[in-house]
Every structure is written in structure tokens, then in C-alpha cells.
């Protein structure tokens, strides 16, 4: 992943646009910006395992949902909000590390299935452990008492902060031994082990990184909506959507997942606002077209233009 | 000319699409009727009503997103909450934050209203009212009833019904021989039904959504699981249930919040239940409305009344006016309790007899007696 | 003890239906390396066609079996030939994205036309009793059909030229070309067979379960589990996986309550993934 | 007699019912160059896999510098100085040649930073003569160059023992001459080399000592000249015609 | 009827070919007559495999003509080329995992419909390689390297080709196995099979063939009778040293 200045410029512009929405736009736009930031963070997070390492992970919703629940349970126990988010992040990170040590022994298809099963199992456990999680009734969280504008801005900046942290982590990993090793694993895991890469540890690190930002986003999201339940928190759809976003933008790049998330969320926005009955189908058509005409993701457009002729 | 804007995030696709379409249908009927009459009275002038709907695809996250869009972009003055307790909570939370009065027509779990959302009002009565009376009546009619088996879907409303009935049954001296929840996404009830069969209960009570209940009834038949009383909540309230089961629906009891056989008179565009029934039949070419239709169609009257009384569009005033609503409609009385929920009333108990819905209680609208399940 | 024979019978009957549901998905995944997100919708489409034929013209589902099979084969064949083949050798995430998009379209079309109302073909054939065990006739027939169809597919895969060609293409596309196999055509046939099996599963399901578009995700999830338990890409794998899953869910439902039945299925799947990633009867080679 | 650097004692490896290695024992002295031959399927590659931790041994001890390493993972083997090449070359295809080798230096060769690793990689590319292709993606290389890349990568790991699994297969005679010179150079730098090869020309011109595996058993271990005249080896491996050809050459 | 002895069975004239932007073949001329064994040797990356792929239709020639049995087959798809009578045993055996030895062999006859003849040919392959008959129910990829190579050749024969092209017969095989396979090829040829053999081990190649071509950088640099080439000091210097 060679991230040129273009990628950084795109990112900076994107983040600035999102951050400045409260200055000129109404609350709904701010909210959309916060959702873009949230999905951006999820997709960027996924990139560690899916993009760098090339493992088709579908665990995003599990981490997000666990983040929701750990955060909510802490908050209900009286832990201050931000501390609750932190606890959620750490606990889910630890959980991902443990889980990773087990399911990362699987490769390819089997890993994909294992990771998707994790979402289901988490959902089922959360919904049957009613004493702690409220089961199918879900959990209510204390609503913030500030005015709607303030709440919205606050969560926009929280989501942006998570996004920026995930991007910084990406940039750091990209340059480090870890990033190099992960890319080797992506290319050829056997050979990677043979040159001395502790593949298990590296993969677990990537998987954990792919979890922590999701958990943080989930915990913040729970505080934001004020009510969570198992079906909403562990959505299989989210688990498929996030990799799709990353693919749309360009998996394995710094800016791609964020751009893909932004494009996806905005497209959804346009379609369901304008096509009541056919929004899903139209989005489906757009996805199909993108797969055909931009298989390398949106970023490949920019790259094609800047790269010129064949090397 | 200014209009009154009501926003409704609806599930037009996804798991709750059918319910969403019902809401969409009657709300549109109501708006049409109101506007044909010149609009709603706000003080002494009349204003047209505009209904703005978005499809939230049965996804909670999106429901809250669309509620915000309705408030911020479309500047609606009121929200109609979508179907189901869970999504009502989510949309209610958004309404609360923006202090936009939100009318929930299809949420009956007390847990939705006990979180001090000051702007959320529900037209259904608490579902606690559906259990105690039912146990009492069945015990009275069938004194041999000693044991009950309960199978409930693990979802806000069906779960609270399952738990409520078990509690009410125990309180009145029945033995709960079996009580389990099944998770959302269950494809098959054979295992649970086989266990129930082994327990030989006098009463089988199943809660869930239409498709779960159709499957459960069908499998009961297949596996030879029977009891003198079989209750499926809220199966027979829906025509999809009776249509899907045909003959098999016979004998099944349930409770409901409203039935078109009732005869209420009140204010609004449909002064009597019969008026509404007639319009509805005309619109749907002969279909029968269920409680979702009734409750949603009546919800508009809450708004109409509040506007009439306050004579302004001030949100805070409107909220207070709604809180003190006390009206009669074709759907029955609407008067909100301290949590914002319609006050308890005697709810209809119904039974399918010869593939049609009969009302067993309350006494004033009753048109049949409870019969045992056909063998 | 009587209850156990009933529970086992329930489990086996359910398991056969699961096998029928999963076999096409497994084949497409194993051979084409495509995780077919459309599979659940194909099943429901087959189910709806059956329902409409039955409801509208009183056509018996058995008659619809070959009709729906042929229609879905054609649909699958065309989709693969015209759309999916263009990216079939791309990484699995790309094809997944593609079928995800296609499913959004199909799903939307189906909910628009058919609505989400649960429909059921009311055959209500009653039940037969074998000692303490009650066997619903429609489910028994469904089970038999599921088994026969799955075994028929197995026979095709094992004994016919097309079957050999499908395996060959899966294992080594360019070597298969050298055998004179037209790989794109085999891909389309395989996807067609996958859709066909989904369609006939839909016919069987419509006669046994209420069907609605809401359950496409559930079906897809079951197909996943069955594939893993039995082994990816093989017909016997789907059969064994389906039966084992049916039994486990049935027993767990009895012992721990229905709430834990699905969890038990997933736990079984995770356990198998970790100890025997190739499934109970799977072949190696899909890593 | 110096302490052996690598020593196997009674190593067995089973795949289900198949006995791929049965009771294999031998030792390599530091700096030695030894050939390992045997019919197809004899278990040679399996042996390398077991020694480098890619596959766990069923039973037996593997001593590296006197320490039992039978339970090691591949990356531990690499860091200890046990490097290998793959019979079917395994580059990181989308990475450039230099990046491939850098990976070896960074993770196996103990380089302190990515920059250091790059310097080490450059040296090892020079050593094998791949420097001109340093910036090509590995996937574009022809077979001979790929095999060299494997070598360069292994060298960058600063190995003490290097196991070469058919690095010369598919090369023609003149290319083989180049490869031979390279392997000799590696051996001269003190690395212990185990060569697996079906090309007798390579094996004989590099190693004085030969090991012969047959059906997973070590059927011979000794000086190359004696081994190629051994009836069992001729029967199992060389074939009469080839043995005759070899003998002719010896007389000439 | 054309005179079979004079007209070559396969004839390439000025064929160029390659992958994407990389051109590999730069004007190949080559002929194979009925009943011959022709060897093709050359350094690594010379383009031998590319040539076979171009003939068998996996690659389309960019220029030049390929004639087989009197018909132009340049640019035809692999199944058409196979139907015309050319079988290609690819480099590295490429047997199908998960299929038995027998199924692998039968796949060689995928395009044939003559059931009885297929059975007869299968029997003939088993006669040629008795070990395959012994192992016919076993998963093909569990065979030893040499046995796999036999199976691959057998699979080629199963299409009953007029021309059998074999890429890298001896790659990774023990000397004894190479000898064994060589004998089998000679037997095949005696039974009338025309063979185009690509072989890295030049000594083996010359021993097995009647004529040979030497390729370098996508062109033919030498051609002639194998015995002559073997005796040529320039050739033996470049390609032969034990």
C-alpha cells in the first residue's frame, strides 16, 4: 500500500468537510456526517484484517455489537460515559485477541465462515443472557440532557475522533514491521512464516486492531441512540456492508475504506429519500455497476489518472 | 399556505414491511379525508395536512436516522412511530431529543413508556390488560383448565406477553407446565412442540409474529399436539393469519386491542366504527381492518384534537395538550396515563370460528361463546 | 423414551430439508468460489412461484417441482453467463459484493410484487403414526424429495461427464480447458444447478413452512452452517451437514429449550471449524 | 569431531495411515554440504517440512545446535537460522523483488529496521546476481529468476543451515552451472547446506556425502561415490541405465 | 487425399504470441509429421510452454498460421483444437484433485461420445501403465510424482489424439522414473502415436526423439535429426554436460 499525497489530501478534505458541517448545515446533515464518520471508522478498522492481511473477515458487527453492550452495561452500572466507552474498547479488544487466537487458525473460506458465525453466536448469547443484557427487550441508556444540536455535534466529533484514530493507526501500521509482515501474510502465508514472521501473532494483532475501533464506535453509538437490542446491534447486514464499503473505496489502501464508506452512506441517503419503493434495488444496481467498472475501488480512478502510462 | 407536517419512518421493505404498509394505508386514508374536508382546525383557521414517509427498511438504525431527517430537513411538527416496541423506542428517543410529539400506534409494552420519554404517546393500552382477564375468562368457561404451556418469541412484545400470561396464570392457580422462548429466526418448532405434547397441557399459549404462529399451528397439527384451548397472540387479529391457515385457524383464541365489531362513537373524520369500516372496505376492496389499522387511523385524531385546543403550532403547548387528551373515537377512548400510554380498558378476546373472527369479550360487543379446539 | 424417537424423527426430517436448502449453495461456493448471497432469495422465489401456481390455478406443488427447477436453472444459468462470469476469477470478496448487490435487487423486486406476507400452500395432508412417533405426511414427502434430489445430484456429480467436468473446473481451470471443457459454460451450469436446487428447495419449503421474503437471511445462515458442518462443495457434505444440524437442533431444543437450539447449531459449527475445518466429510483444498 | 549443527533422532511422520517418514536419523556437521536423494514421494519434502516446523513430527527428536527444536513453529526455525526454499517457489507475488528479500532480512535476518533490512536485501541480491531486477514485481519473473529470488530471500535471513528443495529443477544445463557456482559460494561462507535434487549432476558436483530416503526410510548415508554404486540405491532410484551412464563417466 | 508422409501433420509458420504486453514468441516455424517424435528443447523461459499453449488454443497467436491436419486452427478454442486431434499434457501434470485416477483418465475423453472405444482406450492406457490400473480408484493427487506423470500422459492419450504434446516430461522425476516413462513413450510411438515433446533434459530429449528443435528467446535457432544434433559440438557444449 503506497499512499501517495493524493490519498492524504483526499482524507484531509473529507474530514474537514465532515467536521465543518455544523457550521453551515442543519442537524440532519450533521447526523449524516457523523454516520459517515462512524462507517468510515468501521471500514478503516476492517482494513487491518481484510485489506492488509487479506483475510475476509465478517466480524465487524460482532465487535460493534459487543461494544454497544459493554458500553451500555457499564453506563447503566453508573460508569461515566467516556470511561464506559474506554472499557468497552479494551474489553472487546481483549476478546478479539482471544477469539483471534482461535479462529485465525482457519484460512480463506473457513475463516470467512468462522468470522460470520461469531456475529451470530454473539447475538444469540447476548439475547439469551437476559439477566445481564435484557435479552430481546434490549437496554435503555441514559439520554444526554443537552439540546439536540449539542448532542449531534458532540457525537459527530466523537465519531470523527474514532475515525481519525483509526486512520492514524493505519498510517503507523503501514510503515511499521507489522504492516510489512501483514502484507507478506496477505501475499503468501506459508512463505511469510518461513521468513520468520510469527504469523499467528501478527494476524491476531490485525484482528484486534480491526476490533477496537468498531467497539469504540459501537459504545458511542449506544450512548447516542439511547436504546439497543440484539437484532439491531448484531446486524449481519452491517457485517457484509462494511467490507463492501472498503471494497468500493479500495481495500488495502489508507483512504479507500473511508471514501467507500462515505460514498455508500451518501448513495443510500439519496436513494431512500427519493425512491420509496425501489431504494434497495437501485443501490443494488449501483453496487453491481461499481464491481464491473471499478473493480479496484473508487481510489483506482484517482490512481489511473495520476499514474499515466504503463511503467 | 402553511401545512401541518407529520413525519413517519415506515418499514416498507424488510421484515416488517407488511405492518409498514398497513400503517401507510390508513394514514393516507386519514390525510385524504382530512384534507378533503379542508384540513385540520388550528384555532379558527384550517390547515392542510401533509404526511411525509420514508422507508427505513425494518432497520432500527435507519429508523432513527430517518426520524432525524424528518425533523431537521422536512421540519415535521409530529412524528408517527413505526410498528413494534423496539423501533418505537428508537424513534421515540429521537422525538424526545428534539421535543417533537411522537404518537406510537403499535407499541404496547410498558417498557417502551417507562423510560420517561415526555414526548411519546401510545394509543394502544398496556398489554398487561390482555392477560389477567383472559385467564379469568377461560378458567370460568373451562373449569378443568389446570395447566398451561407457553411458547414465546424472544422479542419485546411477544416476550412480554409470554411472561405476562405465565405470571397471570400462576397467580390464578394454574400450573405452568412448559415455558420457553424461541429466538428470532427460528425455522422450526418441532422440538418445542414435541416437548409440549409430552407435557399434556390444558392450554397452549404461543406468542409471536404471524409467520411464526402459522408455522406453530401447522406443526401442532402435524405432530398431533392439541389442547382444549389454544391461544396465539396476536395471530387471529391479522387476516394474513386466518388466510394462511384456512381451516386450521378454527378454534384459536387471541386477544386484540380493537376489533371492527366494536361499536364506538366519537369525534374526527370517522364518527363511528362502522364509518371507518365502510371506508376501509371500499379502499381495500372488501378486506377487514385489524387493530393496527384501527389504532393508526385513530392516532391522527390525537393530533387534530391537540391542534384544535391549542390553536397554535407551538411544540411545547402541543405536547401538553396531547398529554391531556381525553377523547372518544371510533377506535375507543383515548386518554393518556402518566407514562404517556393509553389508559387500560377491557380489550377484546377473539376466537376463530368457522374461519371468521368472533368476539368473546367484553360483554357489550360479544357475539359468540368460547368453544373448545376442534379435535 | 417415546419422546426421543419423536425428537430424532423431527431432527432427521428437518435435517433433510436443511440438506436440500444448502446443497446448491455449497456447490456454488465450492466450485465457483462464489459466496452466493442470492441463495436465500432463490429459495423464496421458488417458494413463491409454487404458491402462486397453487393459489392462482390450483396446481399441485409436485407438478411445480420440474417447472420451478427449470425456471431457476435458466435464471441461474443466465445470471452466471451474463453477469457473474465477468468477475468469476476475482477474489471472493468481489464476487460476494456482486451477489450482495444482485440480491438487493431481487429482494426488492420480490417484496414489491409479492409483499412480505407469509404464504403457505395449504396441503395439510395430515400425519401418520408409527408407534409413538407422529410423522407429518407433507414433511415426510418433503424429506423424501429432499433426499432423492440430493442423491440425484450426487449421482450426477459422481457418474456423469458433466459432474466430472464440474469437479475438474473447480480444481484446475486451465487444465480443465485442456480437456476440452468449456469452463465458462460449466460455471454457468454449476450456478444454474445451484439455483435449481434452491428453487426445488423452495417448492418443498412452501409446502412445509410459511414462506416470506423475511426469511431469506435465515436460510442463507442455515446454508452456511450446513456447509461448514458437512464440508464445503460436496453433495455428501451437505447431506451429512444438514442431517447432523437437524438432529443437534432438535435435541438441543428439547434439552435446553428452543432458545438454545440455534445457538447449539452455531456452537457445533464453530467446534467443527476449529477441529476439522474441512467438515465431517469434506475434501481438502478450499483454504 | 565437531558437534553437529543439526541432528535428527528417530524422526517419524505419519499422514493418517501413511508413514511418510519412519525413524529417520542423521546429523549434519557445520559447514557441510550434503545431498538428499530418493524416489518421488520418498518423503524428502516432508523431511524439510518437519525440520522447519511447518509440520509437526509424529515422534523423534530434532536437535539444532544441541537444542531440541522439534516443537518449533516455522518462524522460530527461521529466526534460529534454519532456512529453506520451497520445491514450488513461493514468492510474495505482488511485491517487488527487493521487498521480497527485505522481508527475509527483516523478520528472519534480525534487521533492526525496515531500512537496515533493505540494505541487507540489496547485498543478498547482489550476491545472487538479481540486482538488476530489484524493482520488478516477483510475479513477472521467469522460473530461473524466481529460484534465485528464493535463494536471495533465504540468504538474507542469515541462515546457519539452508535446505534447498529442488532449486534446480526446470533449469537447463548452462543455467545449472550458474546455480552451482552460487551454491558453492554460499557453502564457502560457512553455511551448512542440504540439497534435495533429482539432477545427479548437481548433487554429485556439490556434495561429498549423500543421504538416500526410500519409502520414508533412510536406506543409505555415506560418501557419494559409494552411494551411487549401491545396488539398493540403483534399484530404488537411479535405474540401471542411469547407473551405467554414471559409471562410464567415472571411468572416463 | 493428401499424401500423409509429405504433408506435415502440424505446421507453424511465423507464429508470434505472448501474454498481455509481453511478447514471448517471435516468429516460430515448426513442423511435425505423422508418426514422428519431435523434441523441443531450449533454455528456461525460451517460450516452449507458451508455444504449446498457443497450439492448444489457450493463447491465441497474434500473427502467423497454425495448420493441423490440413486445416487452420490458429485462434481456435481449446475444445475445438482437442476435437481436431491435439492433446496437450501440461507442465506440472495438473491432475484433478478430488477425482480418482480413473476419473482423471476419463476426463481426457470428455469430448468423446463413443463409449465402447473409450473403454478400449482406457484398457490400453492401463496396459501401458499397469500401476495406474492398480491405483485407479485412488485420488490422483496421492500418487507419487512419477505415477502422476503417467496419469497425465494417459489422460492425454484418452482423447485419442493424432498429436500428443507433452510439456516437461521429466521435471522433478527421479532418474529411474524418467527412464521408465521414456520407454513408455517409445512404445506409444511404435503403436503409431505422433508426439511433440518439450524437455529440459536435453540428453533424454534427443534419445527419445527422431528430430529436434532448439529454441531461444522465442525463436527456433537450430533444427535437425536428433542424432546429428547430439553429435554437434556446439550443441553439446551449450546443452549437454552429463
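Just so it is clear, A, B, C, D and E label the chains in written order, and each chain counts residues from 1 on its own.
We take it that a contact is a pair of C-beta atoms (placed from the backbone, for glycine too) under 8 Å apart; a residue touches a chain by one contact, two chains touch by 3 or more.
All values derive from a computational prediction rather than experimental measurement.
Undergrad: Figure out the least number of contact steps between subunit A and subunit E, where 1 means they touch directly.
TA: Graph distance in the chain contact network comes out at 2.
Undergrad: Compared with subunit C, which chain's mean CA position is the farthest off?
TA: Farthest chain from subunit C, going by C-alpha centroids: D.
Undergrad: If we define chain centres by averaging CA atoms, which chain lands farthest from subunit E? Would you check?
TA: B
Undergrad: Identify the chain pair with more contacting C-beta pairs: C-E or A-B.
TA: Looking at contacts between chains, A-B has the larger number.
Undergrad: Approximately how many whole Å separate the CA-defined centres of subunit A and subunit D?
TA: Chain centres of subunit A and subunit D, defined by C-alpha means, are spaced 44 Å apart.
Undergrad: Whole-Å distance, subunit B centre to subunit D centre, using C-alpha means?
TA: 75
Undergrad: Which whole number of Å gives the spacing of the CA centres of subunit B and subunit C?
TA: A distance of 36 Å separates the two centres.
Undergrad: I'd like to verify one number: the distance from the centre of subunit D to the centre of subunit E, where each centre is the average of its C-alpha atoms, in whole angstrom.
TA: Roughly 31 Å, centre to centre.
Undergrad: If you look at subunit A, which of its residues touch at least two other chains?
TA: As it turns out, subunit A has residues touching two or more other chains at 124, 128, 277, 279-280.
Undergrad: Out of subunit C, which residues touch more than one other chain, so two or more?
TA: If we look for residues of subunit C contacting two or more partner chains, we find 107-108, 217, 221, 259, 262-263.
Undergrad: Could you say which residues in subunit B touch two or more other chains, in rising order?
TA: Within subunit B, the residues that touch at least two other chains are 13, 154, 181, 183.
Undergrad: Please list each pair of chains that are touching.
TA: A-B, A-C, A-D, B-C, C-E, D-E
Undergrad: In the complex, go through subunit A and note every residue touching subunit C.
TA: Its residues touching subunit C are 50, 56, 102-103, 105-110, 112-114, 116-118, 120-121, 124-125, 128, 236, 240, 243-244, 247-248, 251, 277-281, 283-288, 291-292, 295.
Undergrad: Please output the residues of subunit A touching subunit D within their complex, sorted ascending.
TA: Spelled out, the residues of subunit A in touch with subunit D are 175-177, 180-181, 183-184, 187-188, 190-200.
Undergrad: Could you pull out which subunit D residues touch subunit A in their complex?
TA: 52, 54, 73-75, 78-79, 83-84, 86, 90-95, 102-104, 106-109, 114, 153, 157
Undergrad: Could you list, by residue number, the parts of subunit E that touch subunit C in their complex?
TA: For this pair, the touching residues of subunit E are 56, 58, 77-79, 82-83, 87-88, 90, 94-99, 103, 106-108, 110-111, 155, 159.
Undergrad: Within the complex, which stretch of subunit B touches subunit C?
TA: Against subunit C, subunit B makes touches at 13-18, 21, 151, 154, 180-183, 185-192, 194-195, 197-198, 210-211, 214-215, 218-219, 221-224, 240, 244-248.
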